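Down below are the structures I want you to see.
One chain, subunit A, appears in both complexes that follow, with subunit B as partner in the first and subunit C in the second.
After this line comes the complex of A and B, so read on.
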């Protein structure tokens, strides 16, 4: 669906690249996570892909269409949910969607249906300027679905949302993926990426450090650990034991035989831990 | 394309309405109507009225009558009275007046001016010299007075002062207000970041700009129709006036769009808005002081707009100014629109 080859971009038109030699492919129906800390080059890459920044060097195609010459057909195909809630604040939520749907020359979704999906049906006739940040975020998310995008760009779609609403948004993303949408998810939230993405790319200082599925990354970089919480008299003690080391295995057997274990969880590395391991810095 | 343009225009109209743009335009137009109809006097002349009495029936009587008639063409406030006492009576009731008595002395006409005593000397001398000159020239029958420029002035003078302000109001509000309003609208959208959302839709920049220009034309027409219909009534060339307002509004809107493309917010642009506003206002001075018309002032677009609006509303037969101004505006609008599209294509990538 998306092919990016040797992508470079410099804001100063010199060799100080904000993104440098980035290449990746995203298959149809895939959720591709683009993970990196602020200033790593996530937004620059996404802006180039959606046509907000010119393609200076490299090749990018969406559904076989070269983005150097973006056509109406290409924009009918994509949907973008921005992190910053860019809405017409003097228009109501419904009016915002009614206006935006007129920009497309393909069949569009019923705005009211989308507002219901994101839980904004009660606020449909309220001006967007009076929405909370979370409501604006949901309206922007709903707007990005108007044209039933085949290629859906999501920039921090659950940022600033409460857990219930965030869960609802994740459900919608899953549903759209099932319906065949290809999703490019930009985030620094590793939990979201872990839950949603088929593959993730770690971007750091404008370069992609690695691309793989979260499961493979965990297998590759994670340590096989068990977290055990057991009773010691009147108190509880938490221990991390490796199932690869003989000493730890014996300790685990001992605790099991003692019958003092209260909770036991297998431990795997989080994406954030893997990111730190790979890049040497955190995602914040 | 038309669906998108319609959607953009509807959105802009609703946004403008909720930002009170229509109310502002209508309010300002009604303010100007009020000023024109009730506050600005119909005549604002510092020339004094002249009351004259002729006590002369010599051989040159017809020449004197003719000369006074000529003076009346230049200065409409010359009134003949039937008795010499009437001059004093009229002068008492009109502080800004003087009297003139034409008598016979030594078989020659003798002119006596009666003054209030407080007159501006420059004006008083100008008027007296002018009348003396008219009388002398007729009596000696040497000078044939050239009337070409005088006649033009007479036409201008016949426009009541208050109505003569209408072309200024039309240029100021119906056209130039669009320059500021469209910039305000663009800055509002830049602040909201909505242009980014638009740019990732199939919408195009030319459609985006065209919708905003159309809104400004609509506001300009509402303003002009309100202003002209409530001051000049029906006896006006509305088609010509609206054509000028449309062309002028488009030009002003394009100017505002180009200006707004260079800045992120209105405070960054404010100094330029003030400077441009002052420059565009300079021709208003020339409008009431035709002697102040240096070449650079004539090159400012509002100069042509003002005199074209006046020619349309108060025709004198000088249609060329209408044709040339319209042609100039059309050329500017085509080139300006293309420049605005290019400026926005550049600025959205830059921002």
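After this line comes the complex of A and C, so read on.
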């Protein structure tokens, strides 16, 4: 669905690249996570892909269409949910969607249906300027679905949302994937990426460090650990034991034989831990 | 065109919901209403007569009065009286049943409005008896210069304020980063520019006629007014872009709008105060040509050739400014 080859971009038109030699492919119906800390080059890459920044060097195609020559057909295919609430604050939520849908030349979704999906039906006739940050975020998200995009760009879609709403948004993303949408998810939230993505790319200092599925990354980089909580007289103690190390295995056997274990969970490395391991810095 | 229309409608809705922009759109009409209250004294320089149908039948007196000012004919006395009671100075002349002429006044008219009709009637009715010969020189002005210049200035203000409405809607797009959202739709660049410009084109086309109607200048050539307003909307759009390009928020937008009012004042003052040879110094201002155009139309001295000539200046200068600022405009919005 999307092919990126040797992508470079410099804001100063010199060799100080914000993104450098980025290449990846995203298959149809795949959720691809683009993970990296602030300033890593996530937004720059996404802006180039959606046409907000010019393509200086490299090749990018969406559904076989070269983004250097963007067509009406290409823009009808894509949907973008921005991180910032870029809405018309003096228009109501419904008016925002009604206005935006008229920009497309393909059949569009019913705005009220979308507002209902994101839980904004009660606020449909309220001015967007009076919305809370989370409501604005949901309206931006709903707007991005108006043209039923085949290629859907999501920039921090659950940022600023409460857990219930975030869960609802995740459900919608899964549903859209089932319906055949290809999703490019930009985030620094590793939990979201872990839950939603088929594959993730780690971007750091403008370069992609690795691309793989969260499961493979955990298998490759994670240590097989067990978290054990056991009774010691009147108190409880929590221990992390590796099942690969002989000394930890013996300790685990000992605790099992003692019969003092209260809880036991297998532990796997988080994407954030893997990111730190790969890049040497955190995602924040 | 659907997208252009939608962008225009969005801007209109947004403008109506913002007090500042609503005021900018309504201000020329409010100013025209206020100005109308001052026109009677201004118009006293030009005479106005209201005559009844009987008086109008006497072609001799009708032609004589017409030489001194504008004449309005009323079928019945009530209408004539209502007109005389209006805010401006107008003298009523009716023919009584005994064949004599009577002057109808409200009582608060200026000296000229009271005295001159008397003198005209006396001259007309007794001229054969006096056996005098005289000639009348008509300078061709039936409107007072103050009313004329005021109306043309109000029209220029309309154009500038319509430009400010464009500018402030653009600033809203910049502040809210909403253009990013539009840029990832099939909307084309020209559709955005035209859509944003529509409010600056359509708004003056309506308001200019309302101003002329309010100021009792409905006699003007409407087609010429339409052409001149349409041509001048190039300048309106330019103003809008200038305000938005140099402003990152509403406060700086207001500051830049004030700066843009300076050339507006310069063009009016230049056209009125400078000698024809010195007016070359204000040729670079599109507002100068626009002012000359509307002034000429209100005077009824404008020709289509002149409209074309002034139009070339306005559009040429506006296009030149766009060329100068094109990189800045691109960086700001596109």
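As a working rule, the second predicted complex is superposed on the first by the 284 of 284 C-alpha atoms of A that agree within 3 Å, B and C clash if a C-alpha of one lies under 4 Å from a C-alpha of the other, contacts with A are read in each partner's own complex, and residues count from 1 in each chain.
By our rule, contacts are C-beta pairs under 8 Å (C-beta built on N, C-alpha and C of every residue); 3 or more make two chains touch, one makes a residue touch a chain.
For clarity, every value in this text was computed on a predicted model and none was experimentally measured.
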Subunit B and subunit C placed together on subunit A: clash or fit? clash
Go through the superposed model and pick first if A:151 touches only subunit B, second if only subunit C, both, or neither.
-> neither
Partner chain in contact with A:86 - subunit B first, subunit C second, else both or neither: both
Open item on the list: Let me test your reading of the model: by the given contact rule, A:18 touches which partner, first (subunit B), second (subunit C), both or neither?
Closed with: neither
**Request:** Please indicate which partner A:76 is in contact with in the superposed arrangement: first for subunit B, second for subunit C, both, or neither.
**Result:** both
For this session: Report for A:95: first if it touches subunit B alone, second if subunit C alone, otherwise both or neither.
Result: both
Quick one: is A:53 in contact with subunit B, with subunit C, with both, or with neither? Answer first, second, both or neither.
first
* **First, second, both or neither for A:120, with subunit B first and subunit C second** => neither
Shared subunit A footprint, subunit B vs subunit C, residue numbers 50-52, 72, 75-76, 78, 80, 82, 84, 86-91, 95, 99-100, 102-105, 127, 140, 143
Per the touch rule, the subunit A residues reaching subunit C in their complex are 50-52, 72, 75-76, 78, 80, 82, 84, 86-91, 95, 99-100, 102-105, 127, 140, 143, 147
The subunit B residues in contact with subunit A across the complex are 3-4, 6-8, 10-11, 14-15, 18-19, 189, 192-194, 196-203, 348-349
Within the complex, subunit A is touched by subunit C residues 2-3, 6, 9-10, 13-14, 17-18, 172, 176-178, 180-187
Per the touch rule, the subunit A residues reaching subunit B in their complex are 50-54, 72, 75-76, 78, 80, 82, 84, 86-91, 95, 99-100, 102-105, 127, 140, 143
